[in-house]
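Below are structures written as structure tokens.
The following pair of complexes shares a single chain, chain A, combined with chain B in the former and chain C in the latter.
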Partner chain A sequence: MSVAVMKTKTETALVDGFGEIADTLPGGGSVKSARAAALARFAGNGLPHRRIEEWKYTDLKGLMKEALPVVVDGESKTTIADVIVAMGAIGRLEVPRFVLVNGHYRKELSNLDGLNGVSVAPFAQALSSDDAAAALELREEDRGSDAVLALNSAYATDGAVIDVASGSNVDAPLLVVHVRAGPTPRRSVGRNQIRVGEGAAITIVEMFVAVPGSAADGQMNTATEVQVGAGATVDHVKVTTDLGQVTHLANWLVDMHGNATYRAFQYTAGVGLARNQVRATFKGEGVKLDISGAFLARNSEHIDTTLFVDHAVPEGESRELFKGVLDDNARGIFQGKVVVRPDAQKTDGKQMAQALMLSETCEFDSKPELEIYADDVVCGHGSTSAAIDEDLLFYLRARGIPLDEARALLIQSFIGEAIEKVQHEGVREALMIEAEAWLAARSKTNK
Partner chain B sequence: MLEIKNLHVKIADEDAEILKGIDLVVPQGEVHAIMGPNGSGKSTLAYVIAGREDYEVTDGDILWNGNSILDMDPDERAAKGVFLAFQYPMEIPGVAGLTFLRTATNAVRKKRGQDELTTPQFMKLVKEKAASLNIDVDMLKRPVNVGFSGGEKKRSEILQMAMLDPSLCVLDETDSGLDIDALRIVSDGVNALRGPDRAMLVITHYQRLLNHIVPDKVHVLAHGKIRKSGGKELALELEKSGYAEFQKDAA
Partner chain C sequence: MAAVQETIDQVKKIDVDQYKYGFETKIETVKAPKGLNEDIVRFISEKKGEPAWMLEWRLDAFERWQTMNEPDWAKVSYPKIDFQDLYYYAAPKSTEGPKSLDEVDPELLATYQKLGIPLKEQEILAGVRKQGEPSQIDEDADGYTNMAGKVAVDAVFDSVSVVTTFKHELAKAGVIFCSISEAMREHPELVKKYLGSVVPKSDNFYAALNSAVFSDGSFVYVPEGVRCPMELSTYFRINEKDTGQFERTLIIADKGAYVSYLEGCTAPTRDENQLHAAVVELIALDDAEIKYSTVQNWYPGDKNGKGGVYNFVTKRGDCRGRNSKISWTQVETGSAITWKYPSCILRGDNSRGEFYSIAISNGRQQIDSGTKMIHLGKNTTSHIISKGIAAGRSENTYRGLVSAHRKATNARNFTACDSLLIGDKCGAHTVPYIEAKNASAHFEHEATTSKISEDILFYCMQRGLSEEEAVALVVNGFVRDVLQHLPMEFMAETQKLIGISLEGSVG
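On to the complex of A and B.
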């Protein structure tokens, strides 16, 4: 039984605003009706709120105070130099990039040279193909319950559709860069699709960044569907360093086929409100899954990581390691649900979530959930939250290292243990630099 | 010269005194040993010299080269030449040994007005010091002390000491946990640092160490006070008679 709840101003705007721009969204008749159906699903339930178990720590209904207008065409002032600056340390890597500004692909800012065995196309283009409605429509199990995904289907403007041919071994990481730009607060809605063929290997880095000087406020709803083919190896990294008070809602929907290796890493820092949701499903035996991440939050930032790992078949391995650094009044949330279905014998799952608390007023909520229906499995989880170890601090200081530097070294080493999980050396080092910059900003404001 | 005057110390949030009026002078160029029963306050004294904050000095003073160090932070004391080799060296996951050594070495060099070491200079120095202590440099690529054996941790303390070039060395049971060969290697390492400009305070339970590091004086610390001082032969006496004598007059 669902209780009728009053619609918030935001919900009303999300529903009513659709009609105004529906005709300008990409896609023909069948896409339009799929969008309208998705919107109707959203309108039925509204935004998720704290009485819905998966959203109990992130009351989106209460937290999302407005619906910003969706950008119907890209803004054109952004230059390559802006994009590079927005990308921070990763901007220094000379690797292929697919760039979107405010939710729209920008060819002249992108560079896809040197990609062999990979095709990259704009999602908007896929929406004008024969099978367009199918391209937009999410799978049944994702479609039903999730309001954020329903909004994504209704409003998605563009994104990257990446196809990696079977057997291709792609050396350079491919960056998909979602850039926020311009002085007016806007909402962007992006959809990416990644299909990696059998035995192929690739590193894909999704970035969510802002050009310096952009509006302080912004909203992003992004969804990425990933198909990891049998025996393929995919390193999938998400870097969210958008500045300001943005609301960032992200979904990864991942299917992994037999003997595939899928390594996900999510770095989130400096975001007003972030919800990173990952649903990973074991579709074939012998899959190795690693989902890790680092999140850094200060002021009143709120970063939520919610995982749903579905061991549907035998002999799967899953590892999750998330580490967060929280300061001021920031709030970190980790929810890790692992389901081991009756058939999924010989499952091996381990999960760990750790927060380093730099202030008395920050908060970390961790909710591991193991649902095990098979008997021959090894599963474990753990969670810690602690302040900086005073004994270690004394040890470092007794060796002449000043307090600030000693603290920074310990925080870096804490977060470094998560960042170590990133396989690509250039990306890993760039993320370490990003984390150091975040810390440096901290010691500056504390003086 | 290290001068400890009527030092009274308690745990910050508790009432019971641990050190109850320590008086001790270690002139430059001398090595003094401190022996005493478990729980008598030896490590407490070492920590207070290094500047650990959990302890509160309720009376007395510690002077190093004529200046009180009690108001100095631990890192400031390190820059002034104070070094404590810990009884239980800490593991620091995620910080590579070399990074740690280099950060520490350059931090104290900077405060002492010396040039910071470049990477090649630093590596040359580490390799040289590590070799003399029979430490494999590859071990220093691992996080500080993580997975080290008890003896390896103690050797790693002495390597840190050699790198930081201190003038006041406090060694808290550096010999415990060392095998016979390691004891000799570590002692050689400590003896190499002996010199007219350095003062050393060596805390130990075993007379054996003092055959390698021959002390100028031996003090017995029991129940928070220095109960007896003497020459190196005092250690031999204690070996025979134990601490019974000092338990008695504690009350």
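On to the complex of A and C.
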């Protein structure tokens, strides 16, 4: 049903604000026209709202109250120490990092030593190349209909372009850290591109964090394109622990080629409004895909995970496991659509979404969806939501463990099951510490 | 896992071109002119001899309908329906009092014969004798001697309820079972109180259309504490060309009452599409239980998708009282397009909703069906078992909603959806919506195309069964469990009707 909807103040600002900064955005003539075209696509659609099936539970039109200004000049006060603190437990890992502050690459905060077979460059620099417009365009046609992606193309300032040479095996995880800093509420628009050559292996961690003391408000629109070459193994982790009432819109667009292994993990906590979208397409046979995640929400936080797994070719395997802990008035959303196209025989797909509800007023909406057109497949999904099991609590308390501790133990083990999916030991342990800190803060406020 | 050969063969057997009920009965009918406007609504109301309040109710619904748009969210596609190119009222011309079956229009008798209605009931249906009068047919002549499994039938032919059987026996128990037009005349207070209280006039596009033009349907009222002595049943048949059938069923189980209701449908083979837009409302008061079973076998169209019935139905039950229970069981084998979501509003504390469904699509059929379980009261429970089998070039979608509201503490739901694809040209989809707004709500949902757990298989095989036998054993147990929710009389018919073993549907 098409309903004509009035343009909101935010939408008008998003369209009108473009002209003011268009000249300061990176890229030459062809990039500029590509940006203008993307903005026109957005202007045509407007922000997605609840009448659009994919956005049923996250009415961005209603939820996004304003359009903050995009940072065009880098802010320079942020120090390495700030970045390390903002990164939390992962900051303790001594690994290569590519740091962006408010959407702009900061060389002096980054450290790319010891990366062999990997080249990392700022996206802004890529936009000045000859085929720059092609770099900005998102590849698939249907991606053009996504208003959030259109906004990303129009406004993208910077990001990381990572090329992993065929056959190289990179031990240390590479961190791409998007830092929000400064007292003024800002909007950042980032674009990353990851291209992993045939048979290569790498772990990439994308982080979205805020320097303590930053404005409570902020907006982030980030998109990452991933090309996983044949036989390559990619571990892709996203850690979103930004502070305050941030609106965080993230897209991962992943193409996986023959016999590749792609393992994704998304950790989200402490974000006012988050929409994590992953679109993973099977481009070659024998691909193994695992998308997992953990989300922790309290107050009136709203965390939405939307997956689109496209089994376009035969013999693909997909696994999804998402676990959420919801407290106060928080709302968790899981939408997982798995499509098995007519020729994608021997597909093996499994999906599970579970929510642990800690308060009477939280909400979990789940929509695991299967669309299957091939007959020789094994596909399944599950979804559960419930409070902490009283029997388990009783069992622990009967062994002398205090109530709070017993509860924390159970939540930890629940969320731990998802975090276990992270392959890199250091990152996994750091995430476990993050989750524990979240729980500790919870029991502190409950006392 | 691929389907076992046996299942594939059996599905092939019920290929759409072999639709058994595709005959047409040539009977004189009274029709309203084609098209829909206020005058048609008035015409229908007048034909039915309805009170003024009913006409107003219809006109209001019609007004609202005109402002509404056809829903397009379901995973079905069909050419746009021209609502002005349909007949909204068709009724068999009544033949005044034939003395014996010999005088009855043989076409009509043949219809009943084909539908498998026993001769003694045919007498009543044809108006040869009235309820309670002795039959002219010898008890044994038609082999209809076993009166233990009595089923009261309300037959709806095109738009009109032809007759209702066993009315008097039911009346003895205090049960009212009649056509809804009769109920409007005889029991206006009940109709007024409950009609539209579960499915409001403007609930959705098709419900509004139905509210404006519904021509007949069944009405059941089971008084406090009464267990309805027999199964109640309605048989629907669309006969006329280009006719829309809009029936309305209203069932009320008063405190502590119990009723089991069956519904069956067939239609002749035609090249044009026929529209069926029914509304069913169930109301269960304190401690009451309603069991509603459907075997839907409308004409599905031929194998190229020509013709067939568009089945756009709104069915909803309201567990209004404490400890009430509503159970939907459906076997969907027919219709070109099915758009149907029998739902339960679990309003009363401790109420329970159940949904058991077997949906089979073949040829070019499209099914988008499922249920809604809306938990409002405390300690409410719901159970959903859905099995979809898609063959040919059909599309079979399960779409369901389970929601628990803030105050629905301790709500429980378990949902299991299984789909089986036979052939690589069809599609099976699962679209569940699970909304928990309450921490004590405990929701579990699972959907698979290979349902049997490895553990169970391992256990069976450990005891010497082959894998095939083990699968058959587990599936058999499971299917029997679903079929068991159908009343005895229907079970046999269902098995014959669908002509398909469900073995392998979860394998």
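The criterion applied here is as follows: the second predicted complex is superposed on the first by the 441 of 447 C-alpha atoms of A that agree within 3 Å, B and C clash if a C-alpha of one lies under 4 Å from a C-alpha of the other, contacts with A are read in each partner's own complex, and residues count from 1 in each chain.
Keep this in mind: a contact is a pair of C-beta atoms (placed from the backbone, for glycine too) under 8 Å apart; a residue touches a chain by one contact, two chains touch by 3 or more.
The structure displayed is predicted, hence computed values, not measured ones.
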item	value
Which superposed partner A:384 touches (first chain B, second chain C, both, neither)	second
First (chain B), second (chain C), both or neither touched by A:417	first
Contacts of A:402 with chain B and chain C, given as first, second, both or neither	first
Which superposed partner A:112 touches (first chain B, second chain C, both, neither)	neither
Touching partner for A:85 - first (chain B), second (chain C), both, neither	neither
Touched partner set for A:376, first chain B, second chain C, both or neither	second
Residue contacts on chain A - larger count, chain B or chain C	C
Where chain A meets both chain C and chain B, residue numbers	none
Residues of chain B touching chain A in the complex	50-54, 73-75, 77-79, 83-84, 86, 89-90, 92-95, 99-100, 103-105, 107-108, 111, 143, 160, 164
Interface residues, chain A side, partner chain C - complex	1, 53, 342, 345, 355, 357-387
Contacting residues of chain C [partner chain A, same complex]	1-3, 69, 71-73, 406, 419, 421-450
Chain B-touching residues of chain A, taken from the complex the two chains share	390-392, 394-403, 405-406, 409-410, 412-414, 416-417
